[in-house]
Amino acid sequence: MKPQELKPFLAEHPFFAELPAEDHAILAACAAYSVFEAGDLLFREGEEATSFFVLREGSVGIDIHYPTRGLITLMTLGKGDIVGWSWLLPPYRSQFDARAIRPTKALIFDAVKLRASFEQHPELGYAVTRKLLAQVTQRLFTARIQLLDLYGISTTP
Amino acid sequence: MGPIEQPRPMTPRPFRIETVKQETSNVFTWTLRAQKEGDTLAFQPGQFTMLYLFGVGEVPISISGDAEASGDLIHTIRAAGTVTQAMQQKQAGDLVGVRGPFGNAWPIEEAEGCDVVLAVGGLGLAPMRPTLYHILRHRERYKRVYLLYGARTPSDILYPEELRAWSDSGKIDVRITVDVGMDGWTGEVGLVTDLIRDIQLDPYHCVSMICGPEIMMHFTARALFHRRIAPQHIHVSMERSMRCATGWCGHCQLGPKFICKDGPVFDYPTIQAWLHKRER
Amino acid sequence: MDKRTEVIQVDVLARVEGEGALYLKMDGGEVKEAQLRIFEPPRFFEAFLRGRDFRETPDITARICGICPVAYQMGACHAAEQIVGIHPEGPLRELRRLLYCGEWIESHVLHIYMLHAPDFLGYESAIAMAEHHAEVVERGLRLKKIGNELMSFIGGREVHPINIKVGGFYKVPTVKEIRTLRERLLWGRDAAIETVRWTAALDFPDFNRDYEFVSLRHPDEYPLNEGRLVSNRGLDIDISDFGDHFEEEHVERSNALQAIHKGHGPYMVGPLARYHNNFDLLTPTCQELAREVGLGESCTNPFQSIVVRSIEVLYAYEEALRIVDAYTEPDAPSLDFTPRAGTGHGCTEAPRGICYHRYTTDDNGILLDAQIVPPTSQNQKSVEEDLLHLARQSMHLPTEDLTWRCEQAIRNYDPCISCATHFLKIFVE
Amino acid sequence: MSDTHKPKLAVWKFASCDGCQLSLLDCEDELLAVAGAVDIAYFPEATRRMDGGPYDLSLVEGSITTPHDAERIQAIRKVSKTLVTIGACATSGGIQALRNFRDVKAFTSLVYAHPAYIDTLAQSTPIAEHVKVDFELRGCPINKAQLVEVISAFLNQRKPLVPHHSVCVECKLKEQVCVMVAHQTPCLGPVTQAGCGALCPGFARGCYGCFGPKESPNTSSIAQQWREMGASEQQILQAFRGINGYSEAFRVESERIEKRLHPSDDPKTP
Amino acid sequence: MPYRLDASSLQTLFENLKARGYDLLGPQRKDQAIVYDTLESVEDLPQGWTDEQEAGHYKLKRRDDDAYFGYVVGPRSWKRVFLPPRKRLWTATQKDGQLSLEEEPLPSQPIALIGVRSCEIHAIAIQDRVLLEGPHPDPYYAAMRAQSFIVAVNCTQSAATCFCTSMDTGPGATFGFDLAMTEIMEPEHIFVLEAGSPKGRELLADMDLENATDLQQAHAKAGIEQARQQIKRELPQDGLKDLLYQSFEHTHWDDIASRCLSCANCTMVCPTCFCTEMEDVTDLTGDHAERWQRWDSCFHESFTHVHGGSVRQSTRSRYRQWLTHKLASWLDQFGTTGCVGCGRCITWCPAGIDLTAEVKAFRDSERK
């Protein structure tokens, strides 16, 4: 898919919708359209984080492998969610596995190009970072609530 | 056979455990039958009983059976404290004492003609089950019906067969999420609040009932506010130390409310101010 | 058997209060060593009494022994009262005596029925004995319960009574209240008579020794609270002279100190000593019953101490009845006093024998020094001599029987090992 | 005569006065019922029979004061399914823990001519400082009804009904008159755990803390009330430094008072 | 129509009550306090004694006259009659696979309460709302209430700890009694008697008493007025509920908590505090079980215990609960305050905490 063909996707996607059209053009230059089958890895823990995904359809799990318990899914992400933010900050390494649970369509961004264009267009970088931070905040909240292990507690004597 | 003598509110009636079903590693369901003939227990969805285990003690447990099916009394219990742990040791044929039912009911009538969002966390599904039975029996009275259910792990999911059957029937939109995905789980992993994001509802004709840990109810209510559902149409089921269930003992007060007689079900505005008091 | 070489060791002595061990060494038919080893850890009462207010001594010293707290409370009160120059008389003195009767009953009945009798009948415990002698054990339990009720009635509770203070009591009963005890005491007296007959009919080993019996003697009454210190070998002193006539030594194997009568050696305190020195002061019922069951005015077989204890239980019941019937309410529950500097002595007859206290205070009643000599440390040497003689005499018995016999010989004294370690002050100058 | 179906009971003694185990023998009405409900496998004070472990229920009396006892309690824990401490010695070090505030070497030479024979630790410590304790029954002595309750609760697998509230509650349930308010008698009742039946106020004297601190005890406030009633700092200090002097709340308060009395002193000096 | 009863004939009133089958409960001197207990005759009354009260302080003193009811209130309240400190609810037996429960018989002995103060009548009325007007009336309480005969005595003097005038609960009784008496010492020692119920009227009719003169009635009024004038403490009600609700995070709670012993004495002596604990006990054989109800207190850590801990862990939060419940949320729950101004919680607090002063502290800080 050509960058100009990606532009409509960006304009519709809630993550980018508010950005001006010229930004969509810049972003589209870094992006590609990608499809994953169930079980495909989007990235792997410890590898260099070279990509940033914006989900259009399907479901992606953030996984970790725990020796005695096997594969554990920490969260699932779906349409409208972003996947991966390790690419934004050094050391640019993924912290978990991301795996398609169902057939998934996503926009994949070249992280190196993206970072370079942010350097050139700080307003765009700022705008995307804010969006990203909003999702990070939401996930931190979720993680904190999960830490409480709420459903394990009962008030019955 | 003479008339059934009404016992005093503090006196348990003997019931026999007919069946014990182990739901998860520490959750089990009892089917109880009154020992005195005709001593059945009419209840409304949302009410609870005080279950007395001889020699060990008494605990409040929500009723999780079908209010319109006559006969046995059904309770799903988590073995968490001394009494409930001892209860887990009991077998079919053993006797327990039952007082009740106590408390008020879920607003199943208020919800007629509306979209219904039932949000439950953990064992909160058990007190909600009578409501689900009611809705299934009278499905035509309700519009869209969602059951949003958050569990700890896939193996902690209660009543899995029933959930599947409800979902398959197409009568209820059942959505489940877990805190930690394991054992090949391919469903959602995340908070029950996240499930609210994706459902379709008419915020001006919607009633929500929430049952689960207090913090879960708090955040679920907040997520529903974001969907423009008015607080007075959000209902929660509260828990506090409950000793008498009759309003005598004073233990279960939350602000001006007695959970046992004013609740356990409250509309959100009634309880909101007291939910966030810091009892330090 | 005549060349018997064996070490008999019982690491944990059963049915005694506190923890001790028996050690018996025989070599070539000779008994080389016979020891009652006390490994109950020391608790340093005398040390931490220093610096405390002398009014605290009844509460603190009670904790020396849970079996006979009243003995310590009484000794402490008497010593403290001597310092400030008061002497509770009349109903206050009678109430103290009544309380002490409760302790004698409770402690003696516990020993007779639960600790000692099973030896004679071959049971490991009174609980096992109850299977075949339910009535007897139930009688014992009820007798004991009344003793405890007496202590709770006056003292508030049976272990570590709370109503005892220097000068008297915090609160005294009304006449109406005290009379409620009467019915129980009457039952107890009858049961005590049965107890004497029952214990006297037990089988006793033929074992007599010539003891120096040391006890209190009071001109008018069988000794509980007070009197002069006397013995069957001519001792007759004021209790304040205790230190001049008795001394304690510390032996390596023991956490306890052992006492001897200076210039005389080991001596025996407790029921046999009291009985020997005060037979004439027992009630007529006690004296007649003693004669009826074939116990003379003196008893030198320590195995028969169970009978003498039974007589004392009967005495305690009769004395309690007398006090209950004659009781009038005192003007005040206690006498007032002002603390002052001085030294005071107290010596009372604990169930196991004399229990001696000596305190020195400063002007404000703060303790500068404390010495407490409990009965069991005084009997320890006598116990060991009994063991020595008994082992020689019983050399023919199989090990198991000899061991049991030796244990029984220790139990003859109803030793209270817990008390024994709380004790004894040695003057290290 | 051991009954294999019954839970095995053991009673152990450490540094103590014996009063708490005596409380079991003092349960004249219940003793045979106890013997019927449990198999008394080890209880030297009551029986010559000394069966080996494991034991279902161990009752432990007394505090740890010697190196040997510190080892012994470990062994007992290993053979005990449930371990319950009985009395102030076992739960707070007891009255002999008063040594913990002083120099024990000086103590030993004060009492014994040959202190070298004495094998003792510098501190008298509660059992829970050495091993995991399943339940602590307070009191000096314990209340025998509470002991029966603990055994009943154990047999019925429920929580013992042993309240942690103040002595005042028992006093009021018995409808006794408050000695502090009506008689101006200093009383530790408001900071002491119930269990004795509010005995002392019933005998017109102030509570002296046999059952140790209650839950959330406000020791500073009661100390202030005592001061206002005319008690000296020394009296207040001694009141906290009694039978349960080594229990945390009472120890902390006594050390606070000691600091007021001797601002420059090291707390260890007498 | 008020009647007069000579003080010397008080025993005839007692006799009349006894003849109707009532056991008498009333004031008497015990352990240096005036407490309510079984009365045999007027001899048992604390004649000639009065009580001096202050925060954390109570002292009996001789009066210079022979008034029978010349004291104010003591440590016991009448709630012990209707809601006893401890009562067994039932006994259960489990044997041979059968579980049988035997309910404790309800009380059947009628009781006459002698010397009930107006504030105490209000307290009984408050407990009526709590224990009789909910969805599950307490059968024991109901039985005792139905069988009780209330002889009120109007206060003619106040203690320093009283504040019934703030609570509108005294000093004269206006309702809830069968008989109300005012004791007058001068010029002669008499009681002015008034019936407040058919039972009371019937009894007075049987006693065949003289009418009280206008002057005697005026004396009685003056006595009550004197008690009113003597009241020093106050607990203004205006805006109190909102004040407390709004003071939830106030730092003054910490100040109270530094003094509060959380000993629960205030709740035990309070005539309206109704909280109880349900205790399940068993015997050693495991065949018998019982349930007991006993007074409990929101000052206990265990009070709010749920699996995993207590909801109110600090003394601060427990005192706040007590005061806020008593003076604020009680209104929401029962349409009345939970306080009758008897002052017991002030007198019997070993730390002398005075709720009127604490409320004032909240008010003052609000005004700043």
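Letters A, B, C, D and E mark the chains in the order given here, with residues in each chain numbered from 1 onward.
Quick note on the criterion: a contact is a pair of C-beta atoms (placed from the backbone, for glycine too) under 8 Å apart; a residue touches a chain by one contact, two chains touch by 3 or more.
Note that the structure is a prediction, hence the values are computed from the model and not measured.
Common neighbours of chain A and chain C: there are none.
A comparison of C-alpha centroids places D closest to the centre of the full protein.
Taking the mean of C-alpha positions as each chain's centre, the chain lying farthest from the centre of chain A is C.
Of the two chain pairs shown, A-B and C-D, the one joined by more C-beta contacts is C-D. The distance from the centre of chain C to the centre of chain E, each centre being the mean of the chain's C-alpha atoms, comes to 51 Å. Separating the CA-averaged centres of chain C and chain D is a span of 25 Å. Separating the CA-averaged centres of chain D and chain E is a span of 37 Å.
Centroid to centroid, with C-alpha atoms defining each point, chain B and chain D lie 44 Å apart.
Residue positions of chain A touching 2 or more other chains, listed in rising order: 153-157.
Residue positions of chain B touching 2 or more other chains, listed in rising order: 55-57, 80-83, 239-241. Those residues of chain E in touch with two or more other chains are numbered 280, 282, 286, 305-307, 313-314.
In the complex of the two chains, the chain A residues touching chain B come out as 59, 61-62, 69-76, 78, 101-102, 142, 145-146, 148-157. Here chain C touches chain D in the complex through residues 12-19, 40-48, 50-53, 56, 59-60, 63-67, 69, 106, 110, 114, 118, 124-128, 130-131, 137-138, 141-142, 144-145, 148, 156-160, 162-163, 165, 169-171, 249-252, 254-255, 257, 333, 407, 416, 418-419, 423-426, 428, going by the rule given at the top. Chain D makes touch with chain E in their complex at residues 30, 33-34, 36-37, 148-149, 151-153, 155-156, 158, 161, 163-166, 168-169, 172-178, 180-184, 187, 189-191, 204, 214-218, 220-222, 224-225. Contact residues of chain E toward chain D in the complex are 30-33, 35, 56-60, 75-76, 80, 85-86, 257-265, 268-269, 279-286, 294-295, 297, 299-302, 313-315, 347-352. Chain E contributes residues 89-90, 92, 94, 97-101, 103, 130-131, 134-136, 138-139, 248-249, 274-278, 280, 282, 286, 289, 291, 293, 296, 298, 303-307, 311-314, 316-317, 321, 325, 328-329, 332-333 to its touches with chain B in the complex.
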